[in-house]
Structure formats: structure tokens, C-alpha cells
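For reference, chains read A, B, C and D in written order, and residue numbers begin at 1 within each chain.
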Amino acid sequence: MNGNSFGRLFQIATFGESHGEAMGVTVSGCPAGLELSEEDVQADLDRRKPGQSMITTSRGEPDAVSIKSGVQDGYTTGTPIGMVIENKDARSEKYEPFITAPRPSHGDFTYSAKFGTRNWGGGGRSSARETVNWVAAGAIAKKILAREGIELKAHVNQIGDIEAPEVSFEEMLEHSEENEVRCAHPETAEQMRERIDEYQQEGDSIGGSIYFEARGVPRGLGAPRFDGVESRLGQAMMSVPASTAFEFGLGREAREYTGKDRNDEWEFDSDGDPVPTENDHGGLQGGITTGEPIYGEVTLHAPTSIPKTQTTVDWETGEEKEEKVIGRHDPVLPPRGVPVVEAMLALTLVDFMLLSGRVNPDRADGQVGEYDTDYHPSSPRNE
Amino acid sequence: MNGNSFGRLFQIATFGESHGEAMGVTVSGCPAGLELSEEDVQADLDRRKPGQSMITTSRGEPDAVSIKSGVQDGYTTGTPIGMVIENKDARSEKYEPFITAPRPSHGDFTYSAKFGTRNWGGGGRSSARETVNWVAAGAIAKKILAREGIELKAHVNQIGDIEAPEVSFEEMLEHSEENEVRCAHPETAEQMRERIDEYQQEGDSIGGSIYFEARGVPRGLGAPRFDGVESRLGQAMMSVPASTAFEFGLGREAREYTGKDRNDEWEFDSDGDPVPTENDHGGLQGGITTGEPIYGEVTLHAPTSIPKTQTTVDWETGEEKEEKVIGRHDPVLPPRGVPVVEAMLALTLVDFMLLSGRVNPDRADGQVGEYDTDYHPSSPRNE
Amino acid sequence: MNGNSFGRLFQIATFGESHGEAMGVTVSGCPAGLELSEEDVQADLDRRKPGQSMITTSRGEPDAVSIKSGVQDGYTTGTPIGMVIENKDARSEKYEPFITAPRPSHGDFTYSAKFGTRNWGGGGRSSARETVNWVAAGAIAKKILAREGIELKAHVNQIGDIEAPEVSFEEMLEHSEENEVRCAHPETAEQMRERIDEYQQEGDSIGGSIYFEARGVPRGLGAPRFDGVESRLGQAMMSVPASTAFEFGLGREAREYTGKDRNDEWEFDSDGDPVPTENDHGGLQGGITTGEPIYGEVTLHAPTSIPKTQTTVDWETGEEKEEKVIGRHDPVLPPRGVPVVEAMLALTLVDFMLLSGRVNPDRADGQVGEYDTDYHPSSPRNE
Amino acid sequence: MNGNSFGRLFQIATFGESHGEAMGVTVSGCPAGLELSEEDVQADLDRRKPGQSMITTSRGEPDAVSIKSGVQDGYTTGTPIGMVIENKDARSEKYEPFITAPRPSHGDFTYSAKFGTRNWGGGGRSSARETVNWVAAGAIAKKILAREGIELKAHVNQIGDIEAPEVSFEEMLEHSEENEVRCAHPETAEQMRERIDEYQQEGDSIGGSIYFEARGVPRGLGAPRFDGVESRLGQAMMSVPASTAFEFGLGREAREYTGKDRNDEWEFDSDGDPVPTENDHGGLQGGITTGEPIYGEVTLHAPTSIPKTQTTVDWETGEEKEEKVIGRHDPVLPPRGVPVVEAMLALTLVDFMLLSGRVNPDRADGQVGEYDTDYHPSSPRNE
């Protein structure tokens, strides 16, 4: 309702500003009995964190997560999981010139227009730093999905004019984390890296896109009309900072396909179940899963913070001024966006798994009504 | 939650199947004191209804709306507006062959996989007939927005490989309803019409896209993070039947822009307020409006119902079969999709207007706490 | 959000005014495969409808429900069930004197203060006529609960100063529908009836209360903190027109009990499961069910419409005036309130059953992921 | 949805267990520009905290709040306010005997039945310790309400069989915080205190009740049917730990009143506005405020933790056992419940103020669309 929550049964509520004291996320609706440690969450945070390479901002954030509640003796208890990540390396002074002189294409003006004020350090609440909360929560969602046989992965499939050829899901799993760009096609990754360097040296930045895919999603998941899987993915992915387009299946290309070309006919699989002969439908028909892989793309525009002189106006002084955004920034967003897109995909899918009853909302093992199961290891007498 | 509601303060809840007795929508959260008649709603329904031309299905539905509640003496009362539209021309028998043999790329299989059963006549709940409800509710949303100086319009900007040149908002207002294709560029409309005819004659169908734009949206509308205007538009537009891509601003093209090229610098407008020099940002920064026009595109894939022989399987008999989908169908979706996209845009924006307090949730005139205003015309003693 | 919806997974959205064209309710989240007919719903509507006896209003409403969607060949399809009940016997002219002169203790002034206007005929949206929608939806909820072994019943346990002795659940089932007062204790029912007659003859009305009980509710249902069963029942029951108090377990009496007296100790049941030795806790501990019966009471104040002269003011003329509310009204609310309380109890519990995964949100038979089950009887080829 | 959130526009999401690392609450929807410090919040936390006197638990918790986000230079920014309160004095070892042997009338068994496990130290998530989060959020709600001229207060009006006489709102403001019992009638407070001592010496505990009142609530607040003020208060107050009854206006007594006696007639006030001659309706008619004080009562049962030997069963050993609950506990709940009830009342009312547009959801000063107001003091250049 207020922009800080996502999900229905598996729901996150977040807080935090880029240069505030801490980021935080409360995860409600995680079933009890899931093995969970801070390390599980940290692994994904480390993939998102700044300072991983030359093509990510040099801000020095350890992004160490602290789980405050909802976990006991290594297992979730079904009650809300509060996580806090402290901000350690905020340097707000560089943002002072922009307090009343909005940076081009940031949220500076709009936040001030909405609230009359804003937290101006590092972009405050509008900063992509918020996604640390999403990735933390997404790590939990992924663990639940993995138990259900659902795998998901994203990789960078375009940077500027360089587009990766189609890669298999296996290639994504194998190669996308091997290079700084997070492109699963190694040769393209190198070209992308070079292109990024060029823009970075010019003091400019460049756009790109992320391809995502989920496998093992059971058929029949999702809901009619406004809560179709693509509807909720649409909300999820358009929330990713800098996203300007969401596509699934053939995406934008579908406008040039005929019905005959796009339609996926039906055959029987080895179990005698109907399966589509192709997957131009991206795993979704009528908002509901067919059991085929769900795939799509998210376009992220170029980072707006660039060390070039740009024109803005200062509403306090009433004067135009030329400013360079100094700060520490990424020259391109998709590489660090990969874990963010994965997190939003995971959060969306786990919510549908709970909503369909496939994952029991109370218990990871689904044994409802029992009051002492194997995942009740908390008695010190057990030790 | 269950897929049948949209919106938060201005909320619709819908029911109905393509060949059921009636379609219906309950609109909650419409402020009191809005002048409203069935004719207001009917005007938009007539733009969406079947049988308008050779390029729309020949199903004969008058789509006559009946307002059952929430309006008194021509003014809304603030209480829920129940609307019912009866289905008059359902012919289900043609769908019998497909009960257990799913049509390619429809929601037949997925609805049955989810619910174990489905309403099979005309696609049941998964049919685009549902959008009659959205258009009815959207007509009310548009009336509220118009009072606030917000105008919105959509038109068809691509059919297959034929793309319209950029048109102005004024051209959209003037020309888009002049031709059957609903393209605001008359020459392109003719070409589109010819291309559609070609596909129709081949027994095929074709995809396309709709461009939408809203003007007069005040700055500072929307909410951070998960409830950004683009996030909610993402959900709204991906709910439109057959949509496979949602873009705003530069959309998918943003991936090839540099930061320098895409960034919109700031200048002062004649009131001394900061305004962006350009609108590559599509009216939205950080999920919140800048006051510039909001624009974007929705891609709709080709209609899946085509009178060509296609292969499917019958899960009852266990046999493959070749079938033609006979029925009465559109060869292309965007022309009738235009009022649907407008409706979803209007529903999204009016909800944000209420959420921001700019439109008072109780009263169209904003005079809270008064118990007898000019829009209390219901006394028969007034007559 | 807007006051017209209740429930989360099993959700109703209602519309309608007392003297409007029709009442309507859309039920979302009813699983597919439930046998359902208009007769099932009508049975409960008949218990609520006016004109049942001398102690109910003489308004002549057949309250005939029409199911517009969501049911096919006698089974639910999982998609929203739209129901409409037409208003047939509205006589608004008697309400004209009160358009600008609020009746004492009705919603007349408050609705006008909120919305600036109101539907004034018969109380409009604030009328208890709305509960026809709740009872219709509640009938569906009860059917689902019955399949799960959950039974529920309410009866009138107090009218004015006449209080029924404690009765067993079996007595409630057996006797409460035998008399016009709906009190399960026949002798008390007679006394209550006499007392009501006395007040009615004096042109006055009287308050009372309803006791409710649910049996067979599985242990472990409900949710911590704000969504405890009693929290949601609190909202549900305080929504019942004229309710001024909600109690569960010992209710208000608990204030005079010591911990020792109220605490329910634990023993083993015949299955070796812990069960409380008593049920002073009303089936709920920490917001979650123990498996013991849930019970409580709802107090309903006396009908505010009485044929006595009362003082009001006319805000149009600025004058005080003495008025009698003529209309057709109940002298006491609990007898017709019994099915309403049962409906709200059923709606609350079925939502928790869905939220806990005990009732599958997609399918009444819980066979997720199958695309042709026994409750797919809709093929005409089956006939 | 998952029990950890309350409110719609002004929404809180909480986490934490009694003996966990920390409690936390995220407040979303607080308008920007509200002056707010940790001291503002701490004042109410100190009223709720343990160890205030002999009649509260001796657990030594400073309950020091830390605001992590949403406040800048002493003013709220409109973005979520994350607050964390660390647990400092948890001693879990005394709870070990109860891990598999539920304490009578606690949430031990039901939490384990729902989740299969539970955080057992100090009652875990089911502990009243959670209310520290509510009181922290409520303090912010109260600040907003105070700006709007809405005052609210609660006091203890009954302990066991000792009931306070009716006191005025002014007496509540003046006296209720003067004594340990928080009863606004000093002589009764002393009697209550003695009675509590008696029960405490016997190793027993006792129930009681809290009266609450809100003044200055504008007329026309609330929403029809399921979102009436009493409906939402019903949910709010039944969420208070140990509450077994919620009443407003005449409450349970209304069952014995006739319509004539309870009805409040109308007269004109000095402004020429209709006002009720009395307030038997408790400030609410049809779910909406009349402008008269809202008042009611919440009954809290006796604390279930008592140092008496009670019988329970151990589901691990299969044996009955006699146990004393040792721990550190309150002999009576209402004194510390007063700030909790006030918090829930404030949270409910502020949400309605936002929902009605009376408090602008974006800005405390209501100046929408401006991008630099007086409450933008964050520039270091101002210093």
C-alpha cells in the first residue's frame, strides 16, 4: 500500500535509506522448519554488494546481515524474520550541492515533490541500496523454492549494442557468475566488459538488460486476471531500480508474429500429460503456468550518475547550474542487477507457491496440526 | 489476492465468464458527488464491444450496462457501484471439441490444471470478455481524472511489421477513433487495415502494440519502491489479455542509450518550477511523477484462435487430434484493446490520486465533514 | 479497504442499498469442485429474510438469489461467484421526511457527514439489508466447512433482561430454528417472545444477544498477533449491524476471574494428544485454535427505528422537529441476526482454513496439478 | 495477512520474540514533515516497560528505541520508519521444562500445533513483549492525531470485583498516570492496588479491564460495513494480548436497553450543526463518527503465568506433570495494558484520518506538490 511491502502470503516490508543508519527487511509468511542461517543470506548479498570489481561502485559496504528474529537453532519458526544490514560507508557530503538542485533523471525532484522533503544523502530512499533488502529476503525465497524443485537464474544478455546469443539454462548456471559482467556467454562477456570500460573512460554509463528463467515450476500456478504470474512479475520487475521494460516469452517481438507462428501446439509427454511442443508462451497461458520454463527480460537504463557536467537548476537560489555528480557509482547496472532480478522472481514465485497451497504457509514439511516434528530441534535437552 | 480485484483505494472486483449469464464489476472507493449515468459508461463499452467492423469478432453483444447501486439521482453516493452486463450471444457448442483437448496457447490447459475443471464455453473466465468489466470501471475513473485535468489516450502504433510514426497527443485525440484500427496516423491505419485483411484471408492472425499517454498528471504522484507508478502500471498492463511486454519511457530501447543521452537535464519553467528539458524518463523518476506526460507501450500477441488446422491432444481419449478453432474471433487485438489499455491506465492513476489525497476518497468536491452539499440533489422536494 | 470487502483468500465484495435496484456479492477464492446450487444459498437467505413472523418486519422480499458466474453444471469452477438479489418491495416515500432530518441513532447523519450525500431510502447502504449479501456468501463458506468437519451454530441467548440458561451445541442444532425468536431453550424462547410483544405494543424495541459456537475446528488455525482468530472475529462481529460488544470464551466475565480459576490445565486425550481439561479459553490461545469449541457472544442494541415520537433537527430548515419513524421494522434484531452471525463466523473460519492450506485454495478435493478430476462433470458428452 | 501487519495507509509490520535478539517495527505511511525524535517514542515505551513497580514483572528491560530510518534532522521524510528495540534481560533457562509440556492457557501448545515448533523462551512470539512494537508505533500515531486536535486516553476501570466509578476525560488525563494501577480514580486505585497485592501474595493473578476514550475525532470518519471504526477497533483491541471482550458505547449493557432509552435524539449545537443530545452510541453510528467522543472497554483476563502448581502433560515423555511457572510476571495486566490500548486506538484512528484524506498521506502539512517546504530543514547550509 505504501510502497514498502511486496507479496501477499510471503510478504516483505522494508526500510532504509542509502546513507541512513541501517537497511532492514521483515519477512512474514516464511513457513516454519526451514533450515536457515545468516550465511545462506550472505551468499546472495555478496553477489549484489558494491566493490566487487572495477565495474561496480567502490563504496565499501560489507553488507553483513544480522537475523534478529524468526530463526531458532538454525531453523525458521514461522514467525517474522527480521533482518538488519548496517550502512557503514556513507559519505553524504558529496550530495550537498544537490539538495535543492536535482540531479538529472534521479528521484531527487520527484521525492521532494511528493514529500516536500527527502533524505538527500546518496539518493536516500530512492537509492538502489534498498535492493539489499530484497536480495536478503529473496535468498530465503530461493531456499524454499529449491526444496520444491524450482530453480531460477538470471544473467546479463545485453549491454548497449552488444547482445549475447541465446544460452541454455545450464550455461547460465555454469558461466554467469564466472565473470564480472554476469553474462553466461564468456566471449560476449568479454566484449561487454570492454564496451563498459569505454563508456566508463568517457565518463559516461550505458544501459543493458537481464534475462531470467525459472525451471521446475509446477503447472497450474498463478491466478486469473489481475494476479496472473506475468501481472505480478510485471509489478516485481518494474520495481527494480532503472527498469524501463518487462517482457516475458516472445516479449516485444510478439507484435510481429502471426498466430500460427506463435501458437504452441500440444502433444503428450512421456507421462501421458499434455505438453506444448514449443515454449513461445514463456511458461504462462492465461496468467497460469503450463509447467514449461518461465522466461523473460528486464531492461535497465544507464546509471544516471555520471561524472560529466550536466545542467540543473537550484530551486533555492533560482539559478541554473552546471554540476558533476561525483560520488561512487556503477557504470552499468545489470551485473549487480542479476541477484536483484533473481530475488524478485523468487519472491513472486514463492508467494504463488504459498497461495496455491503447494507450500504450506505454516510449515515447510507440510505436516499440519502436529505439534512436535523433526524440525523442533530447539530443546537444549536434545544436545 | 484472488485475481479478481484491482486497486487499493479505488478498487474493482469483477466476475463473469465469456458464456456465462452476466459479467459484473463492483467499484469501491469512488467518491460521492460525481455525476454519473449509464450513458457515461456505455460510451466506452461501445468502443470495446464486438461486431464493430470486419476486423472484430461478429459475436453480437449489445454490452448494455446496468448500474445496480451507488448512484442516486445521477450522482454517485460514495458507496459501491455495482454494474452488471448481461451476455446475450453465447454459443458454446463450438467449444465442445476442446473440453478435454486444449486449444493451442489459450488458457484451456492452465485453467484446468489449476482448478481441475474450467468453464469451457468461449474460454470461460480466461476470455478477454472479462475486460468489459474493466472498461466499465475505467469509464468512471476517467471521469474523475478529467475533473482533475488529467487526460489520457491510447492508440494502435504497430500491427505486425507496420509501425506508425510518432504522433502527438492531439493527433491521438483527433484521429485514433476515426478508423477501425484505432491508429492515430491515418495513412498507417490504412496500411494496417490491409495487412490485417491479408492475415485474415490466410486464416491467420497477427500481433501488434498499443501506445498510451497521460497528460496533466501532477508531479509527486506515486510511491516509493514496490508501488511506483511504473510498478503498478506493470501489473495493470501485464493483466491485459495477450500482453507480453510493458514498456514506459524509452522502454526496451533504453538498453542502448548512454547515461548522457538518456538523462534529462533540468531547467525552470515559466512558473519558476524545475522541469526536465526532455522526457526520455516517461514522466516517472524513482516511481514518482515529474509532471511530464506518462507514456509507454503494451505489446499484444496475435489472437490464438485461428481458423487453421492445429494439433492438440485429448486427455480423455489419449489421442492426438487436428482441430480448427471455429468460433467468432478477432484477427488482431490492439484495436479493441485500446479502450482496455486506457481503462487500466485510468484505474491505476485514479488510485494514485486517491492515495495521495489529491482526490478526496469520500467526496469528489473535497468538502470533508459537511453533511449537505450541492451534490445532494436527492430530495424529491427539490423537484 | 473501502469497507465493502471482507476476507483475504476467501474474499467477498458487496454492493447494494436497501431501496436500490439490487444487492450483490462477488465471492472470490471459493475452491473449484464444490457442489453448489442456488437452493443451497437460498436456504440461509430464507432464514434471514423479512416477513417470517410477527416479530420481523413486514417488508415483502422474496430474497431470491441468482448466481451469475462461477458455477457450472452444479459445481464451482474456482472463479468468482457473482450473486445478485433483487430488491422488490422498496417503499422510499416514508423516508422523505428524514432526508435532511436524521433519524435518532441511525447512520443518516454520519453517512451524510462522510459523503456529503447519502442514499436515503430505507437507510441506503447503512441498512441491515446489506447482510443479505453476507448470508449468501456465508452459505458457501458453510458448505466448505462442513466438508472439513466443522459445524457452527448460533442462537439468541438474551433479549432484554431475559437470559437463556446454557444450552448444549446439540440443543442449539435441534431447537434454535424451531421458534421465531431462534432461542434454543424453548421455555426461554416463549418468555422472550412475550417480552418482545410487550415492547412492540408500547411502540418500543429491545436489545439482545447472540451466542455462537463452532465445533470441529482443527488445532493450529489462526495467525499470530493482528490476525488471531479472535482479532478477525472481532472485526467480523463488530461489522454486524447494531453490534456493540464482542466476547469470546469467558468474555467480559474474565475480568473477575483469577488466573488459577481461568487457566485450563492439560491432560492427554485418548489419542495421546494434549487437550485442555476445560474450555474457559473459548478454543483460542494466543490467537490460535486449541481444537476445543470456539464460542462467544455478540450484543445487538435495540432497533433504532421505533414508532414513537422522537426529536430531531432538519439541517435544511434549521428547525427542530418531532417525528415518528414509520416504515416497517423489526422490534428486536437477534432472531434475524442469527444467520448473519453464523455467516460472519463461517466467512472468518473458511478464510483461515484456506490461509493454513487445510482447504486448498484452488480445489475442494485438494488434488493440485491434475487437469481432469471427478468434479469436471461439465462435458455434455458425459450426459 | 500473516499476522504481523496492522493498518492500511498507516501500516506497521513487526518482528521479534520475547527472548530473541531484538524487537522491531517498520512504520509505513507516516507523512513527511512530522517532528519526531527517539524521546517522543521513548516516553510511551517507558509507560509500558517492565519493572516500573511491585505490580509489574521485574524483568530489567531498558526498552531503548533506536530509529534506523525515515527521520532526518528531527523530521520524518515520508519513507518508512524502522525502529529496533533490543532485548537485554532474557533468561530462557526457566522455560526449558515447558518446551514439550505446555503451560496452562498460554500460546505454547497452539503455536507448536500451528508451526510444529516454536520459540519457547519467554513465550517467544506469543509474548506480550511484542506490544513494545505497537507502543513505539502508536507514539508516532498519537503525534499526528494531536496535530489534528484528537486526544485519546485510557485508564484501568476494573480489577477483579473492584470497579471504578465513571470518571471524566479530564480526570483520566490528570490522574491515570499518578498511580501504579493507572486508574484515574485515586481511591479506587488504592483499593485495586490492595486487591492485586492479595492475589499476588496468594500466588495468583487477576483479570481486569481498560476504558478508553478519544476526543476531537471529526465527524464523518470511518467507512461502511466491514471497515467501520468499531470493526477495525474490534480487530485492534482483540489483538491486545489477553483481551476477551471488546465493547463500545453501551457495550454489553445495550442488550438490556430499549430503543427509546438508547436512541440519542438530535439538536443543534451553537454552530447550527446537528449534534446528538446524548452519547449512548459511543461516537459511532453506522460505523462512522458523529463527532462525539468514542469510548469503550477492553477486558483482559488474568495473567496465565502464576507461581502455583498446575497440571500439564509432556508430549515427549507422555507423562503428566505438576509444574510451577517461575519466570518474572505481572500479577495483573491492565496497568501496563493502558499504553498498549492507547497505541492500538491511535493506530486505528490515524489510519482512518489518512484514509479520509484529512491527514495527507504524503505530508503532515498537507501542501501537496510543493518541493521545498518549511519542513525541509535538512540542508547543512541551513546551519
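As a working rule, a residue touches a chain if its C-beta (ideal position, glycine included) is under 8 Å from a C-beta of that chain, and two chains touch if they have at least 3 such contacts.
All figures in this text were calculated on a predicted structure; none of them were measured in a lab.
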Furthest chain, CA centroid comparison against chain B: D
Reference interface A-B: repeating pair among B-C, B-D or C-D with over half of contacts shared: C-D
A-D or A-C - the one linked by more C-beta pairs in contact: A-D
Geometric centre distance via CA averages, chain C-chain A, whole Å: 44
Separation of chain C from chain D, taking each centre as the mean of its C-alpha atoms, in whole Å: 28
Between chain D and chain A, distance of the C-alpha-averaged centres to the nearest whole Å: 36
Shared-contact residues (touching 2 or more other chains) in chain B: 1-5, 8-9, 14, 79, 109, 113-115, 125, 219-220, 224, 273-274, 315, 355-356, 361-362, 369, 371
Sites on chain D touched by chain A in the complex: 1-5, 8-9, 11, 13-17, 20-24, 26, 28-29, 31-33, 66, 68-70, 72, 75, 77-82, 84, 96, 99-100, 109, 112-120, 124-125, 315-316, 361-363, 365, 367, 369-373, 375-376, 378-381
Residue numbers on chain D that touch chain B, as the complex places them: 9, 79, 218-220, 224, 273-274, 355-358, 360-362, 366, 368-369, 371
Of chain A, residues touching chain B in the complex: 1-6, 8, 14, 101-102, 104-107, 109-111, 113-115, 125-126, 130, 158-161, 199, 204-209, 219-228, 230-239, 243-252, 254-268, 272-274, 276-277, 280-282, 284-291, 299-306, 308, 310-313, 315, 318, 320, 355-356
